[in-house]
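In order of appearance the chains are A, B and C, and numbering begins at 1 in each one.
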Amino acid sequence: MAEIQIKGVAKSFGSYTALHDINLTIQDQEFVVLLGASGCGKTTLLRIVAGLETATTGEVWIGGKRVDHLPPKDRGIAMVFQNYAVFPHLTVFENIGFGLRMKKLPNDEVKRRVERTAGLMHIEQLLGRYSGELSGGQRQRVAVARALAMEPDVILMDEPLSNLDALLRMEMRAELKGVLAESNTTAIYVTHDQVEAMSMADRISVMHQGRIVQAASPIEVYRNPAAEFVAGFIGNPPMNFLPATPQGGGRWAVAGQVLDGPQTPKALKFAIRPEDLRLADHGLQAVAKVIEPLGAHLLVTCDVNGALFRAVLDSDLSVKPGDTLTLAPQSDRIRWFDPETTRAVA
Amino acid sequence: MTATDVSSGAAQRRSGHYLYAASVALLCAWVLVPLYFLLINTLSSPDTVNSFPKPFIPEFDWGSLEFFAGYEGMLKALKNSVVVAVLTMIMSIAVGAPAGYALSRFEFRGKGLFRMLVLLTRAFPLPLLALPLAVMFIRTGLDDTAIGLALVHTTLAIPFAVLITFSLFSGIPIELEEAAWTLGCTRFTAFTKVVLPLILPGIAASAIFAFVISWNEVFAAAVLTIENRTLTAFLLAKLGEAPLHLKFAGGFILVVPALVFIFAVRKYLFAMWGIANR
Amino acid sequence: MTPRYLPYVLILPVTLFLGVFFLYPFALVAKQAFTTGGGFTLDNFREVVGYWKFPISLKNTMLLAAIVVPVQLALALLMATMVNRMQKGRDLVLYVWTIPLGISDLAAGIIWLAIFEQSGFLNSMMTGLGLVDQPITLLGYQNPWLVFAAIALAEIWRATAIMLVILVAGIGLIPKEYYEAAEVFGASPWKRFVKITLPLLRPSLQTALILRVVLAFEVFAVVVALGGTLFPVLMGQIYSYQFDLMNGGGAAALALIVLAISVVFTLIILRALRVPKGATI
C-alpha cells in the first residue's frame, strides 16, 4: 500500500510563494498527473514529495508513514528526471543497477532485476554502453528502467518526455503507460503537455500560480472545468468565452441570443468548446476571420460581438473570410463561469 | 568581375595565408628558441658553458647537471621544493574544493562577500604578506619549515583552487546528484559515487596547478626559509656567486616540471578562466 | 536535503585560511608600517620615500609595467585571434604558446641570461655574423637601456601566456552567430574584431589586465637574475630592507606603497572596462 497524502504543503522562496496550502491524496496504484504552465509550482511539489526540496509548512505521508523529514533514499520512491540524469561514468547496466547496489543486494539479484527491467524497456542490447553512446530516446528508457528496477512504492516523473521529438514522445507515452500499469506502483507525473496528461492519467491535477485548481479524471477536467483557467488551458483550441447578462428566471442574453442557464442575479460568462458548435438557422452570429483546414476538421476563427471565437467545423464546409456563420451551441455542453471568482457555476 | 580580378584575389588570399602561417611559426619560435638555448647550456660541459662563442647544438655532456647535483645543498633544496609543492597541492585542494562545491551548489547569505574575499586575494601582491608571517612563524615555530612555507603557498593557490573547482562542479548537473539521492545515496555517498569520479581529472589538473604555483614561487620562499631553502630560494641566494653552468642547470630543473605539468593540464587551462572570471 | 549550515561548513576552511594567512598578516603589515616602536607615525614612509633609491626603483617599476603590459596585451590579443581561426594543430600551438605559464620568473630570468650574458648566445650570433669582433658586455652599467630591454623581453616572453589563456577562454564564450551576423551586414574582419570581439571580451580583458598589472608591480626575480643591482625595482627594495638593512618597518611601508599602487590600478582598470548591467553575453 502506498497512498500519498500531501497535507497543507506550502513553499516560499524568500518573499515569493511557490505553493499555497496544497492538499492532495493519491490512492495506491493511482496515476496522477500534475499539469500546468511553467512556473505553476508543479515541479516544486513533485520535488517536495521526492525529498529534494523541503516544504516551508505542511506534511507528506507515503504509505501511512510521515516522510517529510526523511531524505529521498528513505521514502520508498524512485524518480525519472527531465534530463534523464543517466550517470555518464557508468554503463547502462551499472546505471540501472545503481540503486540496487546501494541497497547492497547480492550480485545475481542485481543482474536478474537489471535484465528484467531492461527487457521491459527494450534496451537489453544496450547494457554495455555508456550514456554518451546513447540517443535521447535510449537515455530516456535507461532512466525509466533505473527507476523501475528499484521496485519502488512510488514513482515520480518530472517531464520525462519533454526532451523527445514528437513522434518518439507519442510512442513512449503509450509504452510508459503500459509498463507503469503493470508495475503496480503509485505514480506522480509532472507535465505541461495536456495531451500527455489526458492520455496517461487516472486523475489530472491542474495547477496554477501555486494552487491546485482542479483534481479530477481527464474527461471530467475536459467536460466540466472547475474554473476559467482550466477551461482556457485544457483543450486545443481552448474554450470560447462570451459575456452573458441575466434576463431573469434563468434566461441569459449572449451576443443577442437568449439561452437557458443557472438561476443567479449577477452577470456570468458563457463558455462553449469549439467542437460543440454546429451550423444552424438560429444561433450566434459569427463573422469568419481566419480559416485553417486541419484535415479532419476546419478551424474557423471568428468575431462574435467583438470577441474572439473559434469553431471546429466539418472540413467539407466552404467558408471564406468575411462570411457570416450562424453557430448553435450544443445546449448540454454549455458551461457558465462567475467572472468575479472565475469558478464554474452550476 | 574579370578573370584577372578573380586570380589576383586568390593570390592575395594565398599570400595572406602564408603570412598567417609564418606569424604562427614565428611566435612558436619566440617561445621555444630561448628554451632551446637553455637546453644547450644545460647539456654542455661546464667549460663549454663558460667559453665563447657558444655552440648552437648541445653536445650532450652531463657535466653541468652533475655539478648541479653535487653542489652543496642543492639536492636538499630540490627535495624541499618538492615537499613544499606537494603539501601545497594537497592543502589547497582539501581546503579549496569544498568551497568551490559550496559556491556551485548553494545559495547562502554572505556568498557574495565570500566570493569577493577570494577574488580580492587574487588581485593582491600576496608575497608581500610573507614579511609579517615571518615574525608570526618564528613565534609559532613554523619558521624555516616546509609546512610553514606550504601554508603561505596554499594561500597563493587557494583562489585558483576555489575558482577552478567551482567551475568544475558547475559543469556537473545537479540532477545527477539528485538522481543518486533518490536511488539510495546520502549526500556524501552521492558525492563519492557520482560527482567525484566525474570530476577527478579536473581536480588533478587544479592540484597540478597548485603544485606549479608553489614550485615557482620565489619571494615568500626566500623570506621564510633560511636553512631549508627551496630550489628557487636557493638559486636566488646563489645568483651572485654561482658559476654560470650551475645557474643554467638549476634553471633547467625549474623548467622541466613546468613543461610536463602544463601539458597535463592543458585541457583545463581554458575552462577554468572561462567561467571563473565572471 | 540541505541542512542550512552545510554551505558554511564547506567555506569555513577557506575563510579561516584566508583570515589567518591573508587578512591577519595584512593587518600586521599595516600596523608595522605605521609604527616605530611607539605610537602611530609616518616615519617609516618618510624614510623609504626619502631614500635615494626610491624614486629610481619606482620609476623603473612603473616604466617596466608601462612597456611590458601593453605589448603583452597586444601580443595576447593577436595570438588569441590567430588561435581562434585555426583548424589544424590548434592544440599543439596553444600548448607551445602556454608553456611559459608554468615557468617561474626566476627561471625566465636565467633563460634570458643565457642569451644576454657576455659569452651568451646573442654575442655568439653577432660575432658569427661578423657584426662585432669581440663579445661585448651587454648587461653592464654601460648599457642601462639594454639591461632594461633584456628584463622587458624576459617579462614579455614569460607572462604573455597568462593573458593569452584568459583571452582565449573569453573569446570561446562569444557565440559564433554574432560574427556571422556581422559578416552578413558587411563588417570586415578588422571591424568585427573592434566592434564585436573587443567589447564582448571586456570581462576577460579586465581579469587579464588586473592580474598582469598587479604581477608587473611585483617583478623581482627576473630583475635579480638579469640586472642584479643595476636596475633597482620596488620589490627588490623591499627584499633588501628586510634582509640587508634589517628594517622591517621600512619593508612594511614599502609593501603598503606597492599595494596602494596595485589597488589604484585595479580600480582604474575596473572602471575603464566596466560592462553596463544587462550588456553581458
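Assume a residue touches a chain if its C-beta (ideal position, glycine included) is under 8 Å from a C-beta of that chain, and two chains touch if they have at least 3 such contacts.
Only a predicted model underlies this, so the values are computations on that prediction, with no experimental measurement involved.
K.L.:
Using the stated contact rule, I'd like to know whether B-C or A-B comes out ahead in C-beta pair count.
P.N.:
Per the contact counts, B-C leads.
K.L.:
Taking each chain's centre as the average of its Cα atoms, which chain lies closest to the overall Cα centroid?
P.N.:
B
K.L.:
Could you state the distance in Å from the CA-based centre of chain A to that of chain C?
P.N.:
59
K.L.:
So what's the Cα centroid distance for chain B and chain C, whole Å?
P.N.:
15
K.L.:
With chain centres taken as the means of their Cα atoms, state the distance from chain A to chain B in Å.
P.N.:
Roughly 54 Å, centre to centre.
K.L.:
At which residue positions does chain B touch at least two other chains?
P.N.:
Chain B, residues with two or more chain partners: 181, 187.
K.L.:
Quick one: which residues in chain C touch 2 or more of the other chains?
P.N.:
Residues 1-2.
K.L.:
Which chain A residues touch at least two other chains?
P.N.:
51-52, 71-72, in rising order.
K.L.:
Quick check on the complex: what are the chain A residues that touch chain B?
P.N.:
The touching residues are 50-52, 71-73, 77-79, 81-83, 85, 87-89, 98-99, 102-103, 146, 150, 156.
K.L.:
Going by the contact rule set out above, which residues of chain C touch chain B in the complex?
P.N.:
Those residues of chain C that touch chain B are 1-2, 6-11, 13-15, 17-18, 21-22, 24-26, 28-29, 32, 78-79, 82, 86, 91, 93-107, 110-115, 117-121, 123-124, 127-128, 135, 157, 165-166, 168-170, 172-173, 203-204, 206-207, 210-211, 214, 217-218, 220-221, 224-225, 228, 235, 238-239, 242, 248, 251-252, 255, 258-259, 262, 266, 280.
K.L.:
Write out the stretch or stretches of chain B touching chain C in their complex.
P.N.:
Against chain C, the touching part of chain B is residues 20, 23-24, 27-28, 30-32, 34-35, 37-38, 41, 50-54, 56, 94-96, 98-99, 101-103, 105-106, 108, 111, 114, 117-118, 121-129, 131-133, 135-136, 151-152, 154-155, 158, 162, 181, 187, 212, 215-219, 222-223, 232, 235-236, 239-240, 244, 247-248, 250-251, 254-255, 257-259, 261-263, 266, 269-274, 277-278.
K.L.:
Residue numbers of chain B touching chain A in their complex, please.
P.N.:
Residues 173, 175-176, 178-187, 189, 193-194, 197-198.
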